[in-house]
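Each in structure tokens, the structures are laid out below.
Two complexes are shown next, each including subunit A; its partner changes from subunit B in the first to subunit C in the second.
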Partner chain A sequence: MRIKETEKNGVVVLTLSGKMMLDAKSAGLHDYVKNLIEQGKTKVVMDMGKITWFGSTGLGALLASYTSLKDNDGDLKVARATRKIRSVFMFTQIIKVLENYDTVDEAVAAIK
Partner chain B sequence: MNDLTEIQKLKSAVKELSVLNDIATAVSTTNDLDQVIELIVHECVNHLNVEQGAILLLDIKENDDQFRTIVREVYTETDIVPYHFGVQLSGWMIKNQKPLLINDFLNDDRFINLADEKFPIDSMLSVPLKTKGNLIGVLNVFNKINEEGFTLDDQRTLSIIATQSAQVVENARLYDEEQSLKKIEEELNFATDIQTNLLPKLNPKIYGYDIAGKSIPAKEVGGDYYDFISIDEDKNAICLGDISGKGMPAAMLMANLQATLRGQAIFTSSAGECLTRANKLLYRSTDLQKFATLFYGILDSSKDVLHFSNAGHDPPFLISVDKATTRLTKGGTVLGFMEDYQFEEDSVILKSGDIIIIYSDGITEAMNGNDEEYGEEKLLTILKKNTLLKAEEIIEKIFESIKLHVKGVPQSDDITIVVIKKN
Partner chain C sequence: MDDNNTKLKLYLNSFDDLEHAREDIIDFCRHCSNDDNEIDILEMAILEATHNAIRYGSKRKKKSLCELKLYYDNQSVKAIVKNYGKEYDVVEKDSFSIEQDFLQYKNGGLGIPLIKSLMDSVKYSRKSDNMNELIIIKKLKKSQ
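And now, the complex of A and B:
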């Protein structure tokens, strides 16, 4: 999995691509977010449109990132989640706290 | 004069041969790396008439301190080789990979700042240990016990010894590594045994029901699990969970979750309440990245009802005799994500011929060479085709069908199924 960082209206946009599964990089997503928090950047949108495979490690990294950001008065939104990811969000009921938006712009606008 | 040199040459050749023979004979008695090195160093110290000798082995795993000293044979009152000199020598050897002979440290510009009064070495000879062209270590001897110091003949002898020894040392090192790996493997086998013993050994015998479960981990130990817990005469808890990640960390968390649930099951008659409590306990004992999905059901065989709560797990299928399917979704999010979370519960009435299948995502996500998942549809098709079989046979049918789908692609995730069939 690859992470590309850009910024839009004071919100960090992380564009994720590749397989989000059991490897160091996927688990490293949480470290990446913790590093952003240390820099005072606590509003994050994750663009998941280019994720080709989503496993439980990916979900773990996402949940951990969400918790860390919330603990630091920040927020996390997800954009362009694929059907597969949305179904995982649905049956794990994570959709209730981690909203998905059709476009990155909508996610950025929705962040508090 | 000529004859004399010939005789001397022959003598030294015989001496070299005898050293090599001594080493060959000695090392053939052991596979132990430390012993092999000790023997080689001992022979070098003896035959070259020096105060001390040492073999430094290149440690492939560690990059910062590239040599680890395995053994140092000391025949003197002086201190062992100072650490900083050892590092400098290692560096020189990695760079140059050729013999190094120094009889006059005071005037040698390769190693500066060493030749003070406290420095315990006045002469040294160092040769690389190489196998198949790769540097694996350095063989050193220090302080020749005569006035002249080391000669080119000494260098030649030590080089020959090094050539002969390198493969022996390397073999011993490989043997050493193999032994460590074997030990890890043994420990892993123990862990597998422990985990296998945590899973139910027998399928539960509940009047009016046919129930079976099976789990195959992808690695030696896994993060999937299922359990049958007898609560009272009529009630049995049936659960199946999937811990995030694989291997040892997942297996340890799995054991933790199982113990937690077994503890809660007996005191709590509500499935939702049981998960609410288990979630709180799990949240406190895991880091942020770890979580578990779990389906927890309480089967009341006196009323033919299954109360359940689903913590973010792939929703089980309920297939009735008319092949209509329902999914058991009610519950809440994954375990270990939010500390205070109230899990909901639901219940289904079971009629004769009804089948419930609880499974882990390793089943539906079993991938073939074309990156195609096995999927829910295939699973349902197989199920509907085999509703008349026994629970155990249904599980076998599913496993067979997955095997057919993946076409030899190695299993990458744990796969687990529990089938509940109302007679």
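And now, the complex of A and C:
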């Protein structure tokens, strides 16, 4: 999995691409977010439109990132999640806490 | 479900093998259902189970790290995933709840809870010779 970082209106946008499966880089997403928090960046949008394979490690990394950001008065929104990822969000009921938006701009605008 | 209805049988030794087999698994899921969401759910659960079996499997003298068998009988889809290695009987106690502390999953352990949330039945059994067998079943919408 690759991570590209950009910033929009004070919100960090992480564009994720590739496979979010059982590998160290997927698990490393949480470390990446913790590093952002140390820099005082606590508002994050994850653009998941280029994720080709999503598994439990990716899900765990998302949940851990969400919790760390919330614990630091931040927020996490997801943008452009593929249909498969949205299905996982729905079946696991994660959709109750992790909102997905059709575009990055909408997700950035929704960040508190 | 009659085990004679075998539709797909795969022996996998690496993540690359699974990557190559992915299209076969997706094709199988498409053969079982016309519903895109159902196909997605089946694919993700089967891939997750197989991926875990390869990751934690031990080859030893066996011919493969993981054996995957897929069955379809017009009512449901059944996947049997076998590997050889450490016992991982977590099926009964692990169920995902959004109310639980998310951080407990930061280092992994979400595989079985994820599969349980996607499928209708998940059963694990420990066989002789250090073999693990995971059986996951999804009832198809068209049969309900």
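We take it that the second predicted complex is superposed on the first by the 112 of 112 C-alpha atoms of A that agree within 3 Å, B and C clash if a C-alpha of one lies under 4 Å from a C-alpha of the other, contacts with A are read in each partner's own complex, and residues count from 1 in each chain.
Note that a residue touches a chain if its C-beta (ideal position, glycine included) is under 8 Å from a C-beta of that chain, and two chains touch if they have at least 3 such contacts.
All of these numbers come straight from a predicted model, not from anything done at the bench.
Asks: Look at where subunit B and subunit C land on subunit A after superposing the complexes, then choose clash or fit.
Replies: Superposition check on subunit A flags a clash between subunit B and subunit C.
Asks: Going by the contact rule set out at the top, does A:Y101 touch subunit B (first), subunit C (second), both, or neither?
Replies: neither
Asks: Based on the superposed arrangement, let me know which partner A:F54 touches: subunit B (first), subunit C (second), both, or neither?
Replies: second
Asks: State whether subunit B or subunit C is in contact with more residues of subunit A in the superposed arrangement.
Replies: The larger set of subunit A residues in touch belongs to C.
Asks: Could you say whether A:Q93 touches subunit B, subunit C, both of them, or neither, answering first, second, both or neither?
Replies: both
Asks: Can you list the residues of subunit A that touch subunit B in one structure and subunit C in the other?
Replies: 22, 27, 30, 55-57, 59-61, 63-64, 67-68, 91-94, 96-97
Asks: Under the stated contact criterion, what part of subunit A meets subunit B in this complex?
Replies: 22, 27, 30, 55-57, 59-61, 63-64, 67-68, 91-94, 96-97
Asks: Quick one: in the complex, what on subunit C touches subunit A?
Replies: So the residues of subunit C in touch with subunit A come to 36-37, 40-41, 43-44, 47-48, 51-52, 55, 96, 98, 101-103, 105-111, 113-114, 117-118.
Asks: Can you list the residues on subunit B that touch subunit A in the complex?
Replies: 242, 244-246, 287-291, 293, 310, 312-315, 329, 331-334, 337-338, 361, 365, 413
Asks: Show which residues of subunit A lie in contact with subunit C when the two form their complex.
Replies: 21-22, 27, 30, 53-57, 59-61, 63-64, 66-68, 83-84, 87-88, 91-94, 96-97
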